[in-house]
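In structure tokens below, several structures.
There are two complexes below, and they share chain A, which is joined by chain B in the first and by chain C in the second.
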Partner chain A sequence: MIALEVKDLNKKYPDFHLKDVSFQLEKGYIMGFIGANGAGKTTTIKSILNMIHLDSGEIHILGKNMVEHELELKQDIGVAVGGMNFYTRSKIKTLTNRIKKFYKNWDEVTYRNCLRKFKLDENKKIIELSEGMKIKYSLSLALSHGAKLLILDEPTSGLDPVARDNLLDIFQELVVDGEISILFSTHITSDLEKCADFITFIEDGQIIQSMEKEEFKESYRLLNGNESQLNQVKEKLISYKINSFGFTGLIHLKDFDPSSDMKASVPTLEEIMIFFAKREDMYV
Partner chain B sequence: MYNLVMKDFKLGINPWFLAMPFLLGALMLIPGWIYLLVPQYFFWISVPNIFGQFKAQNDLMLTMTLPVSKKDKVKARVIVMVILELLHIGVAMIFGLFTIHLYPNVDYLFFAPHMGFWGVCFVMLGIFNIIFIPMFYKTAYKYGAAMIASVVATLLFSIGVQWLAIQNSFIFDTFNGTGADNTMLQLTILLVGIAIFAVFTIVSYNIAIKRFEKVDI
Partner chain C sequence: MKIDISNTSEKPIYQQLFEQISAQILMGEIDQGYNLPPIRQAAKELRVSIITIKKAWEELERCGLIYTITGKGCFVSELSSDDKLQKRNDMIRKQMMKDVSYYKSFGLTMDEIINLLKEIN
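On to the complex of A and B.
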């Protein structure tokens, strides 16, 4: 079953354009949504949550159209957009007592278990929580109302390595039963190396690729060579950097000639992101 | 929708603003004062503080993630405002009754706090609502321009109506003179004022919904 289907999203702003954004997230998996700052991650997430009006395109969540079934679907979605930055001077229990009233399937036992598991003190104010704890609180709320799809905007940004690793383990635990699916945006690609099953890569408002993580990385090669070799492949490279030894560049696997004597390796997600961003700069 | 109203009162609005009507209403005890100013403290103090708090606490973002329709979000916020307005005016009316009985021999230059005067106050609150609410919902978080426009409009209305009541002997007589003893006349003015307040608020709510539907968060 498809947990989230994004089809041909288009949204034009004066200085930014979301162009034909499409991808699918299968139930029970984690999808990493990566892209540089300003690539369109948050705009896409806001579109998914029906916060902005689309010029065209459709969102289906758990098989239902988001625009037509927004209220019903929001019962099944857990959201953490830009951290837990509302009513930060209120205590956790005050905020929870208000928020829980909106959810039909609120389960107090699950909530209590989450607080215990995540070591959250409900008498603490939101502002007293670390960034990691804020995300854990958002997750507690989402899990307590039985969310099937978690949409998290940059949940790991601002977290120390230990807290990040801990959170990524939690994400993986959540999807084990196959009921919960997670879409999380980030620009910290190492997080996705650890826990994402699928990668959707957005650059300048357009989806570059959306596929299984290893397949995604395998579809590119990182080339190293000297300057004369650069001239042979220059036209086919997505972008390249000149250094004192020659060049390093990113190429689509289909454009790469394995018989050439250039050193080729499978790039990391970070390298793919950097070279795509560099391509934008080269054409500016 | 009830949950949204309660969320505003329990999370967004400091309980102090529920005490304000009682403190400000007590201004009615000043003999022969410009009583039109009393309900205006609501938009001078409570409204900017409350809406500033909503903006600072990112209330819009919270409500957008909740499973409630945009229409209900507007309806709840308008209901919250109306509750506060009724609290301000209701408490002031009670203090007004005391004023009339405490100082029976005061010569009123400005409006005396009879029922008809409260009708005028309701119209003033209606004018505030019809300007503030639709302007606020152009963005659902910027309240400054809406504040200025609505406060200026209500000030102009109150200066105009007060000036007329001083200058025009018929109007003066209706509110402060022999008309003040005519209960039917006073009640009619009050009911007409309430009706205008209700119509203006309902119109402002409908415009606000249309505007808010178009807002990209």
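On to the complex of A and C.
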């Protein structure tokens, strides 16, 4: 079953264009949504949540059209977008009492368990919570209303390494039963190297690729070589850097001739992102 | 079952898992009939993606080292000592082919390779 299907999204802003964005997330898996700042991650997420009006395209969540079934589907979606910057002077307790009224399937027992597990004190005010606590509070709310799809925009970006590690543990625990699916955007790709099953890579408003993580990395090679070798492959490289030892460049596996004697390795997610971003600079 | 994953290795993680588990099965360190942890649980515990574990388990199954009972999980196959020996030799041969082509890229002859191997042993 497909938890989330994004089909041919288009949205034109004066200085930015989301172009034919399509990808899908299978139920029970974690998908990392990566791209540099301004690549279109948040705009895509807002489109998924029907928070912006699209020029064209469709969103299907758990098999249903988002625009037609928005209220119903939002019962099944848990969202953490940016910090919680509303009702900051209210206590957790007060805010939860407001929010839970919106959800038909609110489960008080699950909520209590989450508070205990995440060590959240409900007498604390939102303004007193650390970034990690805010994410955990958002997750508590999502899990308590029985969300099947979690959409998280940069959930790990404000966190220290320990809190991030802790959060990744929680994500993996959530998908163990195969019922919950997670889409999370980040530019901290090391968070994804381990736990994500799928990667969707957006660059300048367009999806470069959306596929299984290892397959994604395997579809590129990082080349190291000297200047004369650079001249052999220059045209085929996505981009490259020159240093005093020669060059380092990224190439599509299909464009790489394995019989050449250049040193080739499978890049990390970060290296892929960096060389794609560099491509832009090279043509400017 | 012992697992030691290196994130800095050039080898994909599923390959590392496959190699380590298959070695332990073939060496008899894991008993036949041993129930491997469920895929999603193993992913969480080893902090790798679900698909990584799935691939490793699939590869083990393809090599006949484990089998799946739907709804119950994956179990280590019953293998005669002849089977084990043959599977072990297949794997060693595969690795040796890679190693030998690496040595040959330095222009070593087969005799030189063998002599060097003996030297380090």
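Keep this in mind: the second predicted complex is superposed on the first by the 284 of 284 C-alpha atoms of A that agree within 3 Å, B and C clash if a C-alpha of one lies under 4 Å from a C-alpha of the other, contacts with A are read in each partner's own complex, and residues count from 1 in each chain.
Methods note: contacts are C-beta pairs under 8 Å (C-beta built on N, C-alpha and C of every residue); 3 or more make two chains touch, one makes a residue touch a chain.
Note that the coordinates shown come from a computational prediction; the quantities given were computed from them, not determined experimentally.
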item	value
Chain C versus chain B on the shared chain A, clash or fit after superposition	fit
Contacts of A:214 with chain B and chain C, given as first, second, both or neither	second
Touching partner for A:245 - first (chain B), second (chain C), both, neither	neither
Partner chain in contact with A:85 - chain B first, chain C second, else both or neither	first
Touching partner for A:194 - first (chain B), second (chain C), both, neither	second
Chain B versus chain C as contact partner of A:173, first or second or both or neither	second
Which superposed partner A:16 touches (first chain B, second chain C, both, neither)	neither
Angle at the Cα centre of chain A, taken between the Cα centres of chain B and chain C once the superposition is applied, in steps of 10 degrees	160
Shortest CA-CA distance between chain B and chain C [superposed frame, angstrom]	29
Overlap of the chain B and chain C footprints on chain A, listed as residue numbers	none
Chain B-touching residues of chain A, taken from the complex the two chains share	46, 49, 51-53, 70-72, 74-75, 79, 81-82, 85-90, 94-95, 97-99, 101-103
Partner chain C, residues of chain A touching it in the complex	28-30, 168-169, 172-173, 175-178, 193-198, 212-214, 218, 265-266
In the complex with chain A, residue positions of chain B that touch it	3, 6-7, 10-12, 57-59, 61-62, 64-69, 214, 216-217
Partner chain A, residues of chain C touching it in the complex	7, 10, 12-14, 40-41, 43-44, 47-52, 55
